[in-house]
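Have a look at this one.
Chain naming follows the written order as A, B, C and D, and within any one chain the residues start at number 1.
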Amino acid sequence: MTSETELNRLAEQLPAWLETSRKESRHGQPASYIPELAHAPGDALGIALLDAAGREVTAGDSRLSFTLQSISKVFTLLLALMDQGEEGVFRKVGMEPTGDDFNSMLKLELVEPGIPFNPLINAGAIAVSSLIRGATPAEKTERILSFFREVAGDPTLTFNEAVYRSEAATAHRNRSLAYFLKDNEVLDEEVEPVLDVYFKHCSVEVTCRHVARMALVLAMNGTDPLTGRELVPRRYVQIAKTFMVSCGMYNASGEFAIRVGLPAKSGVAGGILALVPGRYGIGVVGPALNEKGNSIAGVHLLQTMSEAFDWSMF
Amino acid sequence: MTSETELNRLAEQLPAWLETSRKESRHGQPASYIPELAHAPGDALGIALLDAAGREVTAGDSRLSFTLQSISKVFTLLLALMDQGEEGVFRKVGMEPTGDDFNSMLKLELVEPGIPFNPLINAGAIAVSSLIRGATPAEKTERILSFFREVAGDPTLTFNEAVYRSEAATAHRNRSLAYFLKDNEVLDEEVEPVLDVYFKHCSVEVTCRHVARMALVLAMNGTDPLTGRELVPRRYVQIAKTFMVSCGMYNASGEFAIRVGLPAKSGVAGGILALVPGRYGIGVVGPALNEKGNSIAGVHLLQTMSEAFDWSMF
Amino acid sequence: MTSETELNRLAEQLPAWLETSRKESRHGQPASYIPELAHAPGDALGIALLDAAGREVTAGDSRLSFTLQSISKVFTLLLALMDQGEEGVFRKVGMEPTGDDFNSMLKLELVEPGIPFNPLINAGAIAVSSLIRGATPAEKTERILSFFREVAGDPTLTFNEAVYRSEAATAHRNRSLAYFLKDNEVLDEEVEPVLDVYFKHCSVEVTCRHVARMALVLAMNGTDPLTGRELVPRRYVQIAKTFMVSCGMYNASGEFAIRVGLPAKSGVAGGILALVPGRYGIGVVGPALNEKGNSIAGVHLLQTMSEAFDWSMF
Amino acid sequence: MTSETELNRLAEQLPAWLETSRKESRHGQPASYIPELAHAPGDALGIALLDAAGREVTAGDSRLSFTLQSISKVFTLLLALMDQGEEGVFRKVGMEPTGDDFNSMLKLELVEPGIPFNPLINAGAIAVSSLIRGATPAEKTERILSFFREVAGDPTLTFNEAVYRSEAATAHRNRSLAYFLKDNEVLDEEVEPVLDVYFKHCSVEVTCRHVARMALVLAMNGTDPLTGRELVPRRYVQIAKTFMVSCGMYNASGEFAIRVGLPAKSGVAGGILALVPGRYGIGVVGPALNEKGNSIAGVHLLQTMSEAFDWSMF
C-alpha cells in the first residue's frame, strides 16, 4: 500500500476510531501533581499525522494546546548528544530501562555507580539538561528553544509561563532527584539552574501538529523532509529511537512495544509523539492518563492504527 | 547491497573480526554457578549466519557444542503462546523489562500483582514452562523438544544429561524463585515438575549452526524458508522479537539495542541467538561472560558486524 | 509495690481490662495463610501471668489451645546458642531489625553477605533451625521438644499434627526463603529436612499458661524459679531478650517498645510471650491479628497493663 | 557494688582499657563526607562518665572538641515532644528501625505512608527539626541552643560555624531527603529553613564532659541531679531511651544492644552518648568510624566497660 493510499484510508477511518478511543478517557484522569495540568479537558483527544511529502491528516482536538513535558526529553537528549557526543552523555546516564516509576530513586541508591539508568526517566532527563551547552541557564534554554523551533518548524514556539511556574513551585520530587544526582556527582552544576532549564523545556507549549512535525524529523532519521535540512545526525536519531522503544512510555514501554511497536514518547500533559520509521510523524494529545502516566485514549488510538496498518517495527 | 554481496563481504572479513573479538574473552569468564558450565573453553568463539536462501557463513568454533540455557526461553514462550494464546500467557507474565538481575526477586515482592515482569527473566521463563501443554513433565518436555527440533531443523536435538543434572542439583535460586511464584499463585502446578521441564529445555545441546537456523525462522516471521513450512504464527514471532529487543540480553538489553540494534537472546553457556529481520539468522557462542551474563566476545562480534553493515533496526 | 500487692490489684482489674481489649479483635482477623489457623475463634482473648513464687493470675480464654508459631523461635535460638555458641550462631544470622515484613526477601538479595538480618524473622529462624544439633530431622525435633517441655514445665507438650501438615503443605514462601538461604550458603543442610524441623517447632501446641511459664524462665534469666533448675545460661537469655525487644513483634517491634516496653515475641496463631524482667512471665492469646501480624487485642491488653503498673524497662 | 566502689574501680582500669580500645581506631577513619570533619585526629579517644552525685571519671582525650552531629537528634526529639506532644510528633515520624543506612531513601519510596521510619535516621531528624516551635529558623535554633545548654549545664554551648557551613554547603543528600519529605507532605515548612535548623543543631560543639552531663539527665529520667531541676518529662525521656536502644547506633543498633545493652546515640564526628539507667551519663569521642558510621574505638570501649560491670539492661 502506498503512503498516499494509506493516508486516504486513514483520513477516512480516523474520525470514528478517534471517537472510540476517546471513550477510554473516562478510565483515566489528567495529571494532578502539577496543578496547572489538572485543568486540562479530560475527554479531549486529538491527533495529527504527517508524511514526508507534507501530507497531513488530523482528527479530533488537534488544535488543543498542551505542554511537551517528557516528550521534550527526546530532543534535549539529541541536543546533548550533539553538544557532548555519545561518550560525554553516557558518562552521566545509562542505557537501560528501569522497571520502576519515572520518578523513582530506588536504583540511584541501590545500583552502582548511581547514575540514572536512562535519559528518559526524570533523573536521566535532569542529568541531560545539565549537559546542554550554555554559559547560563538562560542561554541553555535559548539554545533548547531554538532547536525545538527548528525541529517543529515553528519559530514562535515557546514555553508556557504558568505551567513553568507551577512546575517550579511544586517539583519537590524532582528537586529531591536532582540533589541525589548532585550527591552522586552526576551533576557538575548547581541544582536550581539545572532544574530551571529542565522545567522550561518541559513547559514548551505545542499542538499535535507540532509534535507530528517533530516526530517526522525522527522518522526521516534527522532530516526535515519538508525543508531538506539535516537537523540531527542519523546516529543520534537512532539512539533516540532506540530509547523511545525501550523507555519511551515510562514503565509501560514493554507493553507499548508489544501492542503498538513504534518508537514513541509520552508526556504527563497527555501528549504522545510517535513515528512510523521512514514514513510518518504522529502527534497525539489526550490529557486523561492511565496509572502509568500515559494518555489512555492516545495509547488506544495508536494501537488501533498500528494494528490496522501493520505498523509494528517488530 | 544484495544479501549475496553482503554475505561475500562478510565471509571475507569475518575471520579477522572474530579473532579481534576473541581477545575480549580474557575480560570475562565462563559461568560458574552451574558447575558443568564452568568447564567450557573460555577463549572459544564461533559464529554461524544463515540466509533465507540457505547460504551459510561460519567462522571460528562454530562446531562447539553448548547448551541453549536462556536462549530456549524464546522458544518456550512461542510454544506457550501457541498453547495458551496471548491472553493465557499474559495472565501469568508481564511485558516489561525489570532493570534488575535476571534472577532477581525484588519485583516479585515489591510490585503488585507479583507476576514476573517478562518471560525472559528466570521467574518469567519458569512461569512460561508451566504453561506448556502436557499431562506430565515428560510429555511437556517431549513437546518442547519436538518444537525445538522442528525449528532447528535437526530431529536429533536433545538435552545434555550432565548439564541437566548439574542444573537440577544446584538450582537453589531457581527453586527459590519458583516457590515464590507458587506463593504468588503464578504457578498452578507443583514446583518440582515445572522446574524439571525448565531445566531440561535450558540444557538442550546445540551448535551455532542450530541457533542460526532457529534465528532464521524468527527472522522470516515464523516460516522456515528452507522448507517453506510455517512453524509459528507471525504475531507470536512479533511478540518474541519485541521481547528479545527489550529484555533479551538481561539487564544489558538497553545497551545492546543502542549498540547493536537487533533482536537477540543470550544464554549463560555463552550462546547468543540474533537475527537481522527478513534477512539472516545468527548463532554465536563464546563462553566467557561479562558481568551482566552475556558472552563478552559474542557481543563484541555482533556489534562489529552490525556497525559494518548498518543492521540496527532503529 | 510488692509483687503480691501488684498481683492482687492485677487479679482484680484484669477481667475488665481484658473485656475492653477483646473488643479490639473486631479490627483484626485470624491468620489465613496457614489454612488450619483460619479456624481460630477471632474474638478469643486469654492471659496468664506467673511470678517467681508460682502465683498465677489468669483471665479470659486462658485455656484456649494454640500453636506457638514464631514464639518458638526464641527457644530454638536459645537451643542453637547452647548447641553452637554465639560465634556459631552469628556466623549464620545477624543482629539487626530489618524494617521489612517477617517473610521479606529483599535484604537477602540486597545486603551483603546475604545472611538473615536476625533470628526472629522467618529466614533467620529457618537458619537457626538448621543449627540445632541432631543427626536427623527427627532427632533435632526430639531435642527441641525436650527443651520446650522442660522450659514449659510440661512433659506432654507436643506439636499439633494438623497444623504441622497444613503449614508444610502451604509454606511456599518459607520454601522460597529457605532455597534462597541455601543459594547464599547459609544452610549447610538440605532444605526440606530443615523445614520439617521448622514447621514442627512452629506447630507446638500450648495454652497461655505454658507460655507464661516459658516467659518466666526468661524473666528469671534462665533459671526456672519453680524448680530451681538453670535451664539456659544467663548470657543466652540476655541475647534472646535483646532480640525480643528489637525484633520480637515483627516490624511493629519499635512501636511495641515505645508503648509497652517489655521483651516479647508474638506468633501468627495469636500468641504473645512477654515478660517483666525479674518478676513475671506472661502468656497471651488472641487470634485476631493486626496488619503487622500481632494479636491486636493481646497488644492492647499488654499496653494497658504496662502503663498501669509502669512496667516499661526503658 | 555501690556506685562509688564501681567508680573507683573504673577510674583505675579505664586508662588501660582506653589505650586498648584506641588501637581499634586504625581499622576505621574519620567521616569524609562533611569536609570539615575529615580533619579530626583519627586516633583520638576520650571518655567522661558522670554519676548522680556529680562524681566524674575521665580518660584519654576527654577535652577534645567535636560536634554533636546525630547525637543532637535525641535532644531535638525531646524538645519536639515537649512542643508538640506524642501525637504531634508521631504523625510525622514512625517508631521502627529501618535496617537501612541512616541516609537511605528506600523506605520513603517503598513503604506507605512515606513518613520517616524513626526520628533518629536523617529523614526523621529533619522532620523533627521542622516540629520545633519558633517563628523563624533563628528562633527555633535559639530555642534548641537554650535547651541543649540547659541539659549540658553550660550556657556557652554553641554551634561551630565552620562545621555548620561545611555541612550546609555539601549536604546534597540531606537536601534530597528533605525535598522527598516535602513531596510526601511530611514537611509543612520550606526545605531550606528546616535544613538550616538541622545543620546548626548537628554542628553544636561539645566535649565528652558535656555529653556525659546530657546523658546523665536522661539516665535520671529527665531531672538534672546536680541542680535538681526537671528538664524533661519522664515519659519523653522513656521514648528517647527506647529509640536509642532500637535505632541509636544507626543500622548497627541491634548489635550494640546485644554486645553493650545500653541506650546510646552516636554521631559521625565520632561522639557517642550512652547511659546506664539510674546511674551514669557517659560521653565518648573517637573520630575514626567503622563502616556503619559509629566510633570504632568508642564502641569497643563501651563494650569493654559494659561487660566488666555487667551494665546491659537486658
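Assume contacts are C-beta pairs under 8 Å (C-beta built on N, C-alpha and C of every residue); 3 or more make two chains touch, one makes a residue touch a chain.
The chain list, named the UniProt way, goes like this: A, B, C, D = Glutaminase.
Because the structure is predicted, anything quoted here is derived from the model rather than measured.
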Key: Neighbouring chains common to subunit A (Glutaminase) and subunit B (Glutaminase), by label   = none
Message = Measuring between Cα centroids, which chain is at the maximum distance from subunit D (Glutaminase)?
response = B
Query = At the place where copies subunit C (Glutaminase) and subunit D (Glutaminase) touch, is the share of residue numbers found on both sides over half (same) or under half (different)?
reply = same
Key: Centroid distance [mean C-alpha coordinates] between subunit D (Glutaminase) and subunit B (Glutaminase), Å   = 54
Query = Just curious, how far off is subunit D (Glutaminase) from subunit C (Glutaminase) if you go by their C-alpha centres, in Å?
reply = 32
Inquiry  = Centroid from C-alpha atoms only, then distance subunit A (Glutaminase) to subunit D (Glutaminase), rounded to Å. What do you get?
reply    = 48
Note = So subunit B (Glutaminase) residues touching two or more other chains come to 110
Query = So which chains end up touching which?
reply = A-B, A-D, B-C, C-D
Inquiry  = Quick check on the complex: what are the subunit A (Glutaminase) residues that touch subunit D (Glutaminase)?
reply    = 104-106, 109-110, 172-173, 175-180, 182-183, 191
Query = Inside the complex, what are the residues of subunit B (Glutaminase) that reach subunit A (Glutaminase)?
reply = 94-100, 107, 117-118, 238-239, 241-243, 245-247, 251-255, 257-258, 261, 263, 277, 312-314
